[in-house]
Amino acid sequence: MKDVHAMAPAHGRLELHRVGVRGVKKPLVVQRPDRSVTLTASFAVAVDLPSTRKGSDLSRNAELLAEVVDWTAQRPVESLESACSTIARELLVRHPYAKDAEVRAEADYFARRGISPTRQSLEDFRLYAEAVARREGPDSISLARTIGAEAVGMTACPCAMETAREKLTKEFPLLADPSLKDLPIVTHNQRNRTRLDLELPEGVDVEVDDILSTIESAQSSPTYAILKRGDEADVVLTAHRHPKFVEDVMRDLLASLPARFPALPDSVGVRVVTVSEESIHKYDVTSSHRTVLGDLRAPPG
Amino acid sequence: MKDVHAMAPAHGRLELHRVGVRGVKKPLVVQRPDRSVTLTASFAVAVDLPSTRKGSDLSRNAELLAEVVDWTAQRPVESLESACSTIARELLVRHPYAKDAEVRAEADYFARRGISPTRQSLEDFRLYAEAVARREGPDSISLARTIGAEAVGMTACPCAMETAREKLTKEFPLLADPSLKDLPIVTHNQRNRTRLDLELPEGVDVEVDDILSTIESAQSSPTYAILKRGDEADVVLTAHRHPKFVEDVMRDLLASLPARFPALPDSVGVRVVTVSEESIHKYDVTSSHRTVLGDLRAPPG
Amino acid sequence: MKDVHAMAPAHGRLELHRVGVRGVKKPLVVQRPDRSVTLTASFAVAVDLPSTRKGSDLSRNAELLAEVVDWTAQRPVESLESACSTIARELLVRHPYAKDAEVRAEADYFARRGISPTRQSLEDFRLYAEAVARREGPDSISLARTIGAEAVGMTACPCAMETAREKLTKEFPLLADPSLKDLPIVTHNQRNRTRLDLELPEGVDVEVDDILSTIESAQSSPTYAILKRGDEADVVLTAHRHPKFVEDVMRDLLASLPARFPALPDSVGVRVVTVSEESIHKYDVTSSHRTVLGDLRAPPG
Amino acid sequence: MKDVHAMAPAHGRLELHRVGVRGVKKPLVVQRPDRSVTLTASFAVAVDLPSTRKGSDLSRNAELLAEVVDWTAQRPVESLESACSTIARELLVRHPYAKDAEVRAEADYFARRGISPTRQSLEDFRLYAEAVARREGPDSISLARTIGAEAVGMTACPCAMETAREKLTKEFPLLADPSLKDLPIVTHNQRNRTRLDLELPEGVDVEVDDILSTIESAQSSPTYAILKRGDEADVVLTAHRHPKFVEDVMRDLLASLPARFPALPDSVGVRVVTVSEESIHKYDVTSSHRTVLGDLRAPPG
């Protein structure tokens, strides 16, 4: 049968950066420290294409994804990221004409959380993983990996809290009493979505649960599925005692990374996006930042 | 050329309820009291199909939509709903084999809002319209129409406010002072999306701006694009002085309809969905209700 | 602590149809004939609210969902639908003021498919389930259940095929040769999404894999993740030998139900929506229909 | 009133790359050569934040967007991109502490298309624009701009066409007749979405309609809203006479740019993403590439 993909293309001198498939959904069995979990993962995989070939052999991508999923049903992978790394390396084997291969995956992820030991349940988070394999020499492949996660929590605005305090003190003079100086004052609060991605060199690993707890600590308060009557007030009070702009979420998260991940090398890349779905506006407020861990350890004075 | 659509289908006795197109986007010029505006509208149109025909003549739907859009470029329609009504009637002309025709449309809509006369801007809302034309006799077509809109506002939770007050009073005994009994207390607040649809008989009309203001009045507070420092506190205080569950938004909205729309007949259908995107949970809280205006005027005792 | 939810609301005579939560994601372990699978399910649950209560006890919904998920981790449920039924019944226990309870759930679902025994992999489908529990008497609850699924397949247009044949025969007169009368001719083909929901009385069950294969048989061809060079042509030829409008997909599906589900009673409700994401248009073509199984067995003459 | 945003943050040495708002919808009046059109645009705007400030003055963003929209109601802007440039420059005026400002916008866009002069209608496309203003010196601001668009068209697969021809020739030997060698043969065809972005230096402009026609020429065929019976076959035949992988769409588009935009300088950045929503798979096939115009004029030999 004629191999149309291997024919020469019309415009002979164009190499293409990426050709692949996306939106391939698969159930992936992952071994967690305490249990195995099944992720419903969505994959995008691609390789580059040399100027001498008309098409990329895309059916190999689908075959490989199917095989990896079948392997994990027998022997779970360590993480979504390790599945991406395995797939990226193997793509270079199956596309011998390719110089690099990129794999991205994301999945819902459940972790046990609760405001008290008796109010625990599985909260949903979102996992992200990427792996780029590059052919460095005849027998040498380098691997760049990223592992990330998004957590939804709560922010309470410090600015509206201050101006509300001023306005309310005019209406309720007793508020000026020194005994009330730490009284939490009304402000707008809202859902905050924060995503942290860490770009890791080979041989260095990060536990996704550490990424999630790092994010949750930087928000005004985590949020919970199960809150009985008194609990709601506790979450509200925690948030109002830690009022934060998205700028504060961003800085508190960045500033906490050196202590959270002391074993990671300075070269680890850090990408953060935080979004507050403002309750007082119809639009969102957002901050994004990109740096390396070394700069956070000794920020430029 | 062979007309495949008009051929007899394989399973001769099956009438189909709806066959049509959806996701047809068009710019539609609408004449408002004070100005003409261009909506980017998305249409879905469909007719029934008798058991004697293999296919519906779908190209007529696309032609008709294009013609209506061209007409409005010359002479604006009164409303998204009146465009739907025109299209529904005309579908029965162009599909002579059809007994009924259904048109649905939605579009972003901008209305001027502001916390003060000097802080005005165009806020975005969402419009919905439906029209169903039915062939009642050789020369008689009936028309059922629905006009709806969604407004995003803010709710503040009355329950967490009460329990926070109890907890805070233990920590700050001065809060029990009678002069502070109306002091707004911290609670969780969030984006609330509420949609109201009114099902109208022929000859009866409703102004969409009245639907929007009805919804906004039922939320704890409307929200605004432009809020300078002091304004944010004002919105926050308004919301905390009108704390509401989604149940309260629903009931306040339903209870306000008789006074808001005194001229509408009892038979007008009312559909409401309200959703609070909870700041203390990762999930939404929602309420939905369906009734007729007459029942809201004299609710069952 | 004050129970704000149990207080009397402002507008005393308004019963609300539905109050609940939506977008609650949970991992649900389901026992299939041959294996247990973990679904990432999204739930919406709601109950009605009497006119005497200000609010619904929403934390009970979150608690119940968490408990059901914990149960299934120990002892898998039979199906997404049976989880919905269990939850709907239990909601009436935990909301003693409610007359009815509604649960909806959906999840990605994977089933093994392949164009040949050696080209198998897990294809993704979408599951839907609903359960409505109603308090019929002091000790009596009725249960209405719906189980549904969506499959993505392929349709090839029979009309453009005929007109292309006419045009091509003018250009290539040999096409008129009788030996070529069954030659598949070019037409537009595209992704088709078809969803079938069956509304079941108590005591009657349906296997979701039977729903999926019913849908796939009604499309021009199923589609597959892994297709090697020759396989692609086989899928293309199958689709072009079974060219279908969405109207044909709908009628073929409806007509096949009596033979597919001979054991189901006449009263079973049938809802179908089929959508072809047309390759020759930017918009979709769609058909929807609602009937009962009895009418399909002896359709009105 | 206390200016909380201007206070010193807790972690004094962290500059943040971007702080802003997103999802701000506005109606924007744009002057086209032949008419003025109203776009429903969605904006994201952001500036950097120095280490000395706790917060960015976000209300200035909302004010500026509102003012620009009001200006255009009086005097239409030239393009979505020129609105972004104006906003980006003005953001640096209103955020005197910022070093750079970024604006992104997107909107549905309608252009007249048709398979013949009598079958014209408005087809929908998607516009994208970006502008980054950078403070280069006390009185000097540089501006980097991007203008892009996405068009939905059709691709027909060249590989399945070849293998189908081989299989069909075995079944229909007459197909081997030399007079049939150019007969279009069945294959899978599907919606293709291709987006082209051009990164422009200051003083250089591009007309969005030229971007759209460049994309449409690279697909197997454009698609149309209105197609009468014979027209559908014409689109199908055009697509099957220009069968293309996404790789071919990408290369044909890239190769056409030098002739399409002869006046643009070599430094213009080019970004392309093309996605085929495969009819024979449930997933998409995609290619992405990034280069500069100069490399396309004299690609590396």
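Things to note:
First chain written, first letter: the chains are A, B, C and D, and each begins at residue 1.
FYI, contacts are C-beta pairs under 8 Å (C-beta built on N, C-alpha and C of every residue); 3 or more make two chains touch, one makes a residue touch a chain.
Everything numeric in this text was worked out from a predicted model, so none of it was measured.
Both chain A and chain D derive from one sequence, and where they touch, over half of the residue numbers involved are common to the two copies. With respect to chain C, maximal separation of chain centres occurs for D (centres as means of Cα atoms). Computed centre separation for the pair chain A/chain D is 27 angstrom, with centres defined by C-alpha atoms.
Rounded to whole angstrom, the centroid-to-centroid distance between chain A and chain C, based on C-alpha atoms, equals 31 Å. Distance between chain A and chain B, defined via averaged C-alpha coordinates, is recorded as 35 Å.
Contacts with at least two other chains are made by residues 1, 24-25, 62, 124, 159, 163, 166, 225, 227, 229-230, 281-283 of chain B. Per the touch definition, chain C reaches chain A in the complex via residues 1, 3, 24-27, 37-40, 59, 62-63, 65-66, 69-70, 108, 110, 120-122, 124, 225-230.
Listing the residues of chain B that touch chain C in their complex gives 1-2, 4-5, 9-11, 13-14, 16-25, 44, 46, 49, 54-56, 58, 62, 158-159, 162-163, 166, 245-248, 250-252, 254-255, 275, 281-290, 299-301. Residues of chain C that touch chain D in their complex: 123-124, 152, 154, 157, 159-160, 163-164, 166-168, 172-175, 177, 179-180, 183-191, 221, 223-225, 227, 229-230, 232-237, 239-240, 277-283.
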